[in-house]
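For clarity, chains are labelled A, B, C, D and E in written order, and residue numbers in each chain start from 1.
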Amino acid sequence: MSDHYTVLGLYRKVETITKAGDPIREAFGVKDGDIEVLSSAAYPDGALLDDKELLHQVESRQFLFPFLMGFVGFGAGVILAGGTGYIMNLIVGGKSPFTYAPTGVITYEFTLLFGVIGSVLSLLYYAGLPNWTDRAYDPEVADGALGLLVKVYSKEDQEKAAKIMEDYGAYKIKKGVNDF
Amino acid sequence: MDRRSFLKLSGVAASASVVGACSRTSQNVISFVEAPNDGANPVDGDWFATTCRECNAGCGVIVRTVNGRAKKIEGNAIHPISRGKACARSQAAVQTVYHPERLTTPMLKGAGGFESIGWDKAVDVISQRFTEAEGKLFYLNNGANDASSGIVNEIFGKMDGFLNVGNSEPGFESLVAGGAALADSPRLPFPDLDHAQFAILFGADIFESGPSPVFWGGSFGECRRGRASVRGRLVYAGSRLSSTAAVCDLWLPVPPGKLGLLALSVAQVVVDIIISRKLALTIPRNALGRWSEVLKDYDPEKVAAQLEMPAEYIHKLAIPFVDESPSVAIAGADVTGHVNGVAALDAVEFLNMLSYEIGREKLRIHERLTPEPNEGLKRRITQALGVDHEAQGYKRMVELVDGMEQGKYSMGIISHTNPVFDTPAGLKFKDAMSKVGFTVAVANFMDETAAEATLVLPDHHWLEGWSVQNPNFVPGVPVLNLQQPVIRPFVDTRSGSDIILAAAAAAKLKTPAASTEEFVQGKVKQFRAEMLGAPAYLGDEEFFRHLLRNGGWWSSEIENEPTPTPPDSVLWEYRDKLKAPEPEFDGAENPFYLHPFQTVHMGRGQGANNGWLQEAPDPITTLMWQFWVEMNPATAAKLGVVEGDMVKISSAHGSITAPVFPYKGIRPDVVAVPIGYGHTNYGKLATGRGENVMTLLGAKQDTDSGAHAWRAQKVKVEKAQGRMKMLRNAHPEGEYKGEVFQL
Amino acid sequence: MRTLKESIKVKSFNYKKHNDYSWSMIIDLDRCNGCGACVIGCQAENNVATVGEEEVGKKRNMHWLRIERYIEGEYPHVKVRFLPMMCQHCAQAPCESVCPVYATYHNPEGLNVQVYNRCIGTRFCGNNCPYSVRYFNWFDSSFPEPVNNQLNPDVSVRERGVMEKCSLCMQRIRRGKDTAKDEGREVQDGDIQPACAQTCPTGAITFGNINDHESKVYKMAHSGRAISLFEEKGTHPAVKYLKGGTNDVIG
Amino acid sequence: MASIPSADRCVYCHDYIKADAPEIVKVMDHYNGDKPIEWVKVFDLPDHVWFNHKRHIAKDVPCQKCHGPVETMDVVSRTNEFSMGFCLACHQENEAPTDCWTCHT
Amino acid sequence: MSLDDNVKRSADAGVAGGHHGDVMALPEIESFRDPETKAAKAHYDDADIYRDEKGFNEHTLRPMFFTTKSYFIFTLALGLVMAQGLGFFVYQTFVGLGMAGIHEPVYWGAYIATFVFWVGMSHSGTIVSSILRLTQANWRRPILRAAEAMTAFSLMVAGLFPLIHVGRLWRAYYMVPLPSQRMLWPNFKSPLMWDFCAINIYLTGSMTFLYIGLLPDLAVARDKAIAMGNWRRHYLKVLALGWRGSHREWSVYNKCSLFLAVIILLIAPSVHTIVSWDFAMTMTPGWHTTIFGPYFVVGAIYSGIAAVITLMITLRILFNLDDVIRKFHIDALGKLLLVIAIIWTYFYFCEFITNWYSHKPEEWEVMAWQGHRFPYHLMVMLGGSCLTIFCLSWRRFRSCMPCMFALTLLVNCGMYIERYLIVVPILSRRDNPFMWTDYTPTITEVGIIVASFAYFIFLYAIFIKLFPIVTMADVKEGVIVSGDVRLGRHAVRVQVKE
């Protein structure tokens, strides 16, 4: 679809970036998904940007991944431990081919394994991470700067957003196209 | 067997190979050129009956061969001696056929040691020697009367200079001689342990050495648990708790040489019981009176001190001897190994006679007193094989050695025996042998004697050659064992007796047959008429095949005939035979009695080069690959040695060092050393392992039978430096914790 | 390769129908005189390797059957007992359930089968056997050129890294059953003899099918003298021992 | 493990039937020269497997089932791989014992 | 000073959209952002490196980017030790397991004792990173990654030993549960199969945990590497998965690491319980006890934390990270170690007294023989427990680095010997008295075991050079969310509740 323009403003202090957040939003009626704040450490939710509602619906669904994968692991464990015993049909140490306790141990292990896989998948899916294209980013964010990234759909808005950011104390502005 | 072809590869060689050959190597299958006479069954293999020749017992065995390779030896179920069983040595013999160190070509001792010559040259050399010797030669074998000794006897028997000698096991010929002293013909007094309820073993290690551990083992099994109603009980009197004594119910550590005294005191009590209870016996009243009067001074109270045991123990032996009839007394190497051997043996004979009288119809007790019906047949078979019992034994060996010293023999044939190794140092056989101009050694492996001989002839292994064998230990039944080749010769060897026949023919001497096979068939034909129970309708060839299939001939019908009453003349002889002379010891000033004994695996030393026998744990000490000396823990403490320390045992004739194995089951003043170790030239596995106990023994002989008093030697024992790791199967502390299993 | 669906459809070997045999062995301790013929017989039959002197020093000898010799009492009242110890083929075998690859399992005929080419050598079974009757091939068993002619073609020669133990002469049992099937008859008692039972001179070892109530083994097992070793461990061994007679017979 | 009949069996007939065929001549040389014939195994099982033809013949399993259409081949070649799966599949279909000790002792 | 002063101060923070509820708890982060203002004395502020984040990044990434010559010599030495171990292993595989000293009744020897020791070491990571993270113990922050890395590497070393001690390595793939033409499956009723699954799952779990924790720091390292044009930028760019630090990523990241922490916390105890079941499931007297599960897990945590302390002290010295990993952290870990030491001694005493009091012959036989045969071993083990409890209760001892280093090494030696005493003596004095024996490891075993230690340290050395060793994201977060509140005459460090 049509290309979009991004503006990344870098700020030194937390106070300055929090002030810049709302004016940008009102100026262009930016939807929730189009504004983002970059930082080198995890700030509590809503500390820098009022995006409570945006994350809410994400938060509620993320625990589903490990939970469901846990069930898949449970099934895999039962089939692997119990099923193979049943197919091999060998009496070993006076125990019947299908035994509950050892199957239980293996099922426990596999449930947790698939739980781990599920949580990793949830991270990668919701953070949209494995995305090696070079997107709007500035190495200084890693050194402590706070970046305010806005996605607009026209060149003029991009200029206007850059000007607003500068007013609110951004010491560096970077513009880019199609790299949100 | 049609043409005798020496094709090494003629057998199909698709034997098992190593598991896990991961790469799919394409093996090849080598097929026979001609199928063996009844076809080679590749999967299940065929069983052929033959006779085990590892010792002279003559057990019948069957051998499984797959694709022309011998795989397994097992007892022949219908044979009267082996009764379907086989001992460890015969099981391990199957491996010696494929032993890497087997002799392959005849070797003549030239200037620089042996160099191999062809078979034809060997025959020429021997025949040329035969002509020069004109009968002044000797034939020495391991005491077995088989085809080769028969052949040599028939060729040279008539010539005056000839001497036929058997280097039989120590302590064995006294058993024979002992029987001879009382009877008209030499025979082993055969006590019937199978049907006995109570047995006293006077030093008889019959389950580990002696004539046939398999036969005696079977009898022991029958005696103990053969009958549902009663459990046979055994008592062992002797200076060492051997594995035979271990399974008896009581062990009486009698001082060495005093077993005759014990037998007589038991006999005294038995005679008193018979008189006091007025048992109705066929023995006339006055004979009993005279015996009790002769035995008066062997009263238990008098001899208890000498026997180092409480007097009522002797009563405890005598009372069951009478009550739990049929009872039996068996004499063994501890009895015959002393100077007073024959006297002690007579005492044991007397006991047997008494027990026979008490339980007359229940026992086939005493061979000598009951001349079995065709008694002549057994003796005639033995004579037919050209061996008489006087040939057995140490007396004849001494005669041979003197003859060699004086140079009476220009030639000697030594077949399957190793006198240089297993005769006592006192005999000095090696020096005497070097005086003989030309000696031929017929053997499977290079051993000490073959190394001294001038010509070594590699013989067929007993699985590959023909022979007939008459076991001189005969359980009351005449037996003619046949030995047939179950496989083709594995290496390029020829039968020793065939070579002798060929050489004799070349030297224009009268030979009984062209080949050993013919000789064996001749013997069978000779006795066919008297072989009871043999199917008459078969022709000679089929009859021979029939016997081959059974592994020989023995008539079982004779066994269950009722035993006739003993002649009176014999009963009187005991009157002056019952005496217990004091044992004399060589090196009497030394503190310890030396107790050489035969282990169940090594025998007299033939088993030393067999990996399986070396690695099999010894029953009592559970030691493997190891030579040891057994000593009472108290004595070991006195000497300040612990298990594994080396001690030096010395006598007038020599000294050996050995690691100590403290063992509770031996008298404090006795030191036991196994025979069969200390080879100097007998292959990689045997050479240099342990020391030869025979080098300690002098030449003291039994006064009556001339047997070698091999346990009449006292030695000094002192601590030598150095330790040796004891390769034991049992754990030093764990072996005393048997109660874990609540046996 | 078979799909999972096919392998589920597999008609597995139905145990109930086939186990009319339950092989068991009775050793009469009253008869055993420790002669060791069984040890060598077993070695000849099952291609058991000899390991040589220094390996024996490290207690690595490979005999599948050993005669345990226990000494009791002090001189002169010393008593020596022999106890032939081989794999007991337990019904509740502690060694079977711990093998990670089903290399050892209990077959329908009451044998504890050790499959040599499946074993990967974790040796957990050896640790778990209270009788310590499992032996491990530490090195490749050496059967140099001429000696390998004696190897029994019915039994495989084990490679290094494989656990082995007394198999109650499976190959002889199988041959006995084959010949019986060929001749169209049932397997009689005494038809099948393992190498040790066949060669024991005193007849101490008896082998047979304990399910058939007329067999010698059955009568002996119920003769009141029968004990099994380490009964309190609940392994229910198929090999039972008959108690020796009381030794304080005299006096 | 199967085996090959001895050379005198072949000679019994091939003394006069197609005695000139090169392969037959090779067999005759071996027989006359008393040299045993070293056949190269086409069908070979690994050493840890014990195979018994007798039982299969008793169940009248045709040779072609394992050895392939031998009658059409003049030089026998290996058609199917003697792997465990191959044997086990057939055993399972025909209710034959699939116990390990049937083939692995 | 009333409470509202605090409110005023935090109000100065001037957070946009002040209408949020918890603004009061939000401390003033001035000190971090503005180098000039000197905030009140707080734990995090006395070091200079915290004045600005760039300096902090420089300082913590120095061990990764700058390698001294001695590092190469050290890794070369480790390589040599590993080579000799590899040589012994290859020789043992081709010649046969007879090279090792194990024999008939003692089928498991030093290899298995070392295997249990290494699996035990792997519990350090989980305990430090997951439990402390879940209980929000703030002093955990700088040592998280080092501990997690230790888990992963000790598990990798532990995973080798089943392969080293197995008889037929070239057939070990029979244990892998994949369908094959043989239609044979592994036996899941065997504790060894549980081991196989548990250790592999735990390895994947701890590697994931390590990697997810590493993600933000990889981004920082990536930016620095690109800035310096360092060769590391290629793999860092790939591994960082394009992490930008956007708030969506941070929020999802925190949740995911929370889940992982919980799951890893469930896996870790199960792994060492299953390893202890290798022994407890047998019927050998001495092994067959119910206490083995918890006993092994506590032993594992004990030796794990001791190893973490040893490691932290070495990192402090070698890479002068002493202002990142402070004495205060070692002190806190020391206190944790004290608690675990007490629990472990309790378990050990339980096992001993039940064995001694009931005096069951077969079990007491082993204990008595063990005592008489291994007096010095027992000493070292008791040293590991009694001495530790005594020393660790002194603050002065806990903050003296060399003493802590020595003590934790002693603890780990004691734990190794305790594992050896569990495996070997019980096997050599088992049920059948005829087969009792003695076992001493041979040079092959010693060579391979020493090589395993070298391999562990080698892995660690490589890790330090390839990835940032200090968890920078967490430390920064610690700084951000902490501030100080005046309480009477004191300023009290406070943290916002996550």
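Everything that follows uses one rule, which is that a residue touches a chain if its C-beta (ideal position, glycine included) is under 8 Å from a C-beta of that chain, and two chains touch if they have at least 3 such contacts.
It should be emphasised that the depicted structure is a prediction, and the values quoted were computed from it without experimental measurement.
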| item | value |
| --- | --- |
| Count of contact steps on the shortest path from subunit B to subunit C | 1 |
| Chain whose average C-alpha position is farthest from subunit D's own | A |
| Centre-most chain [mean C-alpha coordinates] | C |
| Centroid comparison with subunit E (C-alpha atoms), farthest chain | B |
| Chain pair whose interface holds the most contacting C-beta pairs | B-C |
| For subunit D paired with subunit E, centre-to-centre distance based on mean C-alpha positions, whole Å | 61 |
| Chain centre separation (subunit B, subunit D; CA means) in Å | 48 |
| CA centroid of subunit A to CA centroid of subunit E, Å | 28 |
| Between subunit B and subunit A, distance of the C-alpha-averaged centres to the nearest whole Å | 92 |
| Residues of subunit C touching at least two other chains | 1-2, 7, 10, 12-13, 59, 66, 68-70, 83, 94, 97-99, 102, 105, 116-118, 140, 153-157, 159, 162, 230 |
| In subunit D, residues with contacts to at least two other chains | 1, 46-48, 52, 54, 85 |
| Sequence positions of subunit A contacting 2 or more other chains | 87-88, 90, 92-93, 95 |
| Contacting chain pairs - touch in the sense defined above | A-C, A-E, B-C, B-D, B-E, C-D, C-E, D-E |
| Residue ranges of subunit B in contact with subunit E within the complex | 20, 22, 729-731, 733-735, 737-738, 740 |
| Residues of subunit C touching subunit B in the complex | 28-37, 39-41, 43-45, 47, 50-53, 56-57, 59, 61, 63, 66-76, 78-83, 116-117, 140, 143-159, 162, 175, 195, 198-204, 227, 229-230, 241-245, 247, 249-251 |
| Footprint of subunit A on subunit C - complex, ascending | 7-8, 10, 12-13, 15, 91-99, 102, 104-106, 236 |
| In the complex, subunit B residues that touch subunit C | 13-20, 44-45, 66-67, 69-75, 84-88, 91-92, 94-95, 97-100, 102, 207-208, 213-215, 217-218, 220-222, 224-225, 231, 233, 235, 241, 243-244, 246-247, 249-253, 313, 316-317, 320, 490, 600-601, 611-617, 619-620, 622, 624-625, 632-634, 664-665, 668, 725, 727, 729-730, 735-739, 741-743 |
| Complex contacts: residues of subunit A adjacent to subunit E | 12-15, 18-19, 21-22, 36-51, 54-55, 58-59, 62-63, 66, 80-82, 84-85, 87-88, 90, 92-93, 95, 99, 102-103, 105-106, 108-110, 112-113, 115-116, 118-120, 122-124, 126-127, 129-133, 135, 137, 139, 141-144, 149 |
